[in-house]
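Shared chain: subunit A. Partners: subunit B in the first complex, subunit C in the second.
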Partner chain A sequence: MAAAAVPVAAAAAAAAAGSEPAGPGEEAGAGPQCPGPARLARLPLARVKALVKADPDVTLASQEAVFVLARATELFVETIAKDAYVYAQQGKRKTLQRKDLDNAIEAIDEFAFLEGTLD
Partner chain B sequence: MAERPEDLNLPNAVITRIIKEALPDGVNISKEARSAISRAASVFVLYATSCANNFAMKGKRKTLNAGDVLSAMEEMEFQRFVGPLKESLEVYRREQKGKKEARKDKDKKTDSEEQDKSREEENDDDDERMEEEEQNEEEEVDN
Partner chain C sequence: MASSSGNDDDLTIPRAAINKMIKETLPNVRVANDARELVVNCCTEFIHLISSEANEICNKSEKKTISPEHVIQALESLGFGSYISEVKEVLQECKTVALKRRKASSRLENLGIPEEELLRQQQELFAKVSEEAIQAQETARKYCVRAFTRSLLSQSSLCHLSQIVCERF
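== the complex of A and B ==
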């Protein structure tokens, strides 16, 4: 029973280990249709963890918490980029500019926490 | 080097890639805009951390867990992130399980048989983690 499980686990682990460095590769061909959710974090967890530790009130954070934060941050970046782009489109521009971001922050309630922090 | 938490930046290359993939082809982003989004991302982490920490404290826990972060997302009005985040977490947990088993196999080839049984039970409990947040405290010793 255990003996049978070992090679399967090893194969699964090898597959998982093999796909990790290939992260960017598997997304290369995928267009905007490719669902973000199942993807592993692209932001380095160590950097996210450094930010978490910067909070004096935080004692410890689990690895999972850091991972979820990293993924959430990626979703946040996608969201704010798209929302800012709406303003670039209004200005008939194909380049996202700082003012588009400022407009999005001012207009959208969820981004209120950013006010005054980007300067 | 970093004087303020806001100065802890996330890697520009990754941020840029995420932005580019979120926007239609042919759309560019100015350096100032990209840098501002990067800062915004750092602020987001700090704010989310603080929010999540409040939930941990409410639960009388000293360790931030994944559930706290998800609660923080709802609090911050990013509920639509919660679904995708839960899915990602599932994948992450499976990966971590796979890694543990691989390490076990490498270290203990002969002794593993009996120990595998008890570890498999532990791993089954891990699947329940999302609902039973208290158990997270026990795991965090590894960190």
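== the complex of A and C ==
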């Protein structure tokens, strides 16, 4: 008897290209065992998992690990966007441009791994 | 959105998800398309970076499966320690809900009745159903026979009557 009841909505939302709005305490987009709080920008876990597995050295990652990584990636996007925006403001622009991201990548140590990231 | 012919290296986080995140982080800010594209690719790089590091940490720990703790350690060692507290919060919720779910589903499954008892009840029901089916068949058969006999009798009495009539005339 299957112990994990997988809500169809959660599985569908996880596989969907975009992110679904999650109701409070709902499991939309979170995958079988990891529902989360209401958050609008939820990354599709299936895609994150696929990216993790694309590494030939990686054998197995637990669902919770994928979930944690997805959340970290969301934080990463927020951080790099905000950091890049500082440069746009310095240039007195209201539009964030690619060069703002480039500047942020160059200036911030943690983003050094992104140097040379091609389009 | 997944292309069936793409290989693993073409995988990225869907653009729509990134756009939404950027929108939430920087509301009222316009973002150039090539900037968005770069963010998408940076995400891919980030995931590869963290999972690779987590994988190494996992191998050192002699475990076969990358756990959330391995990912957290990877974040720390790669300079993303500031993400850890939020990530841990979310992991905690994850475990709490998973635990509730497991309890709830096992409660629902059992309804307090052990499996052997449920099986026994099922067998009883099956036996009962087949018993009733046999009886119904019997009854139908009997009705058929009676009706047949009646019709035979009525036929033969007709014959007898016609004989008598024939003799008279």
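The rule we apply is simple: the second predicted complex is superposed on the first by the 77 of 119 C-alpha atoms of A that agree within 3 Å, B and C clash if a C-alpha of one lies under 4 Å from a C-alpha of the other, contacts with A are read in each partner's own complex, and residues count from 1 in each chain.
Simple rule for what comes next: a contact is a pair of C-beta atoms (placed from the backbone, for glycine too) under 8 Å apart; a residue touches a chain by one contact, two chains touch by 3 or more.
Because the structure is a prediction, the values reported are computed rather than measured.
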| item | value |
| --- | --- |
| First (subunit B), second (subunit C), both or neither touched by A:86 | neither |
| Touched partner set for A:107, first subunit B, second subunit C, both or neither | neither |
| Where subunit A meets both subunit C and subunit B, residue numbers | 3, 5, 17, 27, 35-37, 40-44, 47-48, 50-52, 54-55, 57-62, 64-65, 67-69, 71-78, 80-82, 84-85, 88, 94-98, 100-101, 105, 109-110, 113-114, 117-118 |
| Touching residues on subunit A, where the partner in the complex is subunit C | 1, 3-5, 17-19, 27, 30, 33-37, 40-44, 47-48, 50-55, 57-62, 64-65, 67-69, 71-78, 80-82, 84-85, 88, 94-98, 100-101, 105, 109-110, 113-114, 117-119 |
| Subunit B residues within the subunit A interface of the complex | 5-6, 8-11, 14-15, 17-19, 21-24, 26-30, 32-33, 36-37, 39-50, 52-53, 62-66, 68-70, 73, 76-78, 81, 83-85, 87-89, 91-93, 95-96, 98-99, 101-102, 105, 112-113, 116-117, 136, 139-140, 142-143 |
| Residues of subunit C that touch subunit A when the two form their complex | 1, 8-9, 11-14, 16-18, 20-22, 24-26, 29-32, 34-35, 37-39, 41-52, 54-55, 64-68, 70-72, 75, 78-80, 83, 86-87, 90-91, 93-95, 97-98, 101-102, 105-106, 109 |
| Subunit A to subunit B touching residues, read off their complex | 2-3, 5-6, 9-10, 12-14, 16-17, 27, 32, 35-44, 47-48, 50-52, 54-55, 57-65, 67-69, 71-82, 84-85, 88, 94-98, 100-101, 105, 109-110, 113-114, 117-118 |
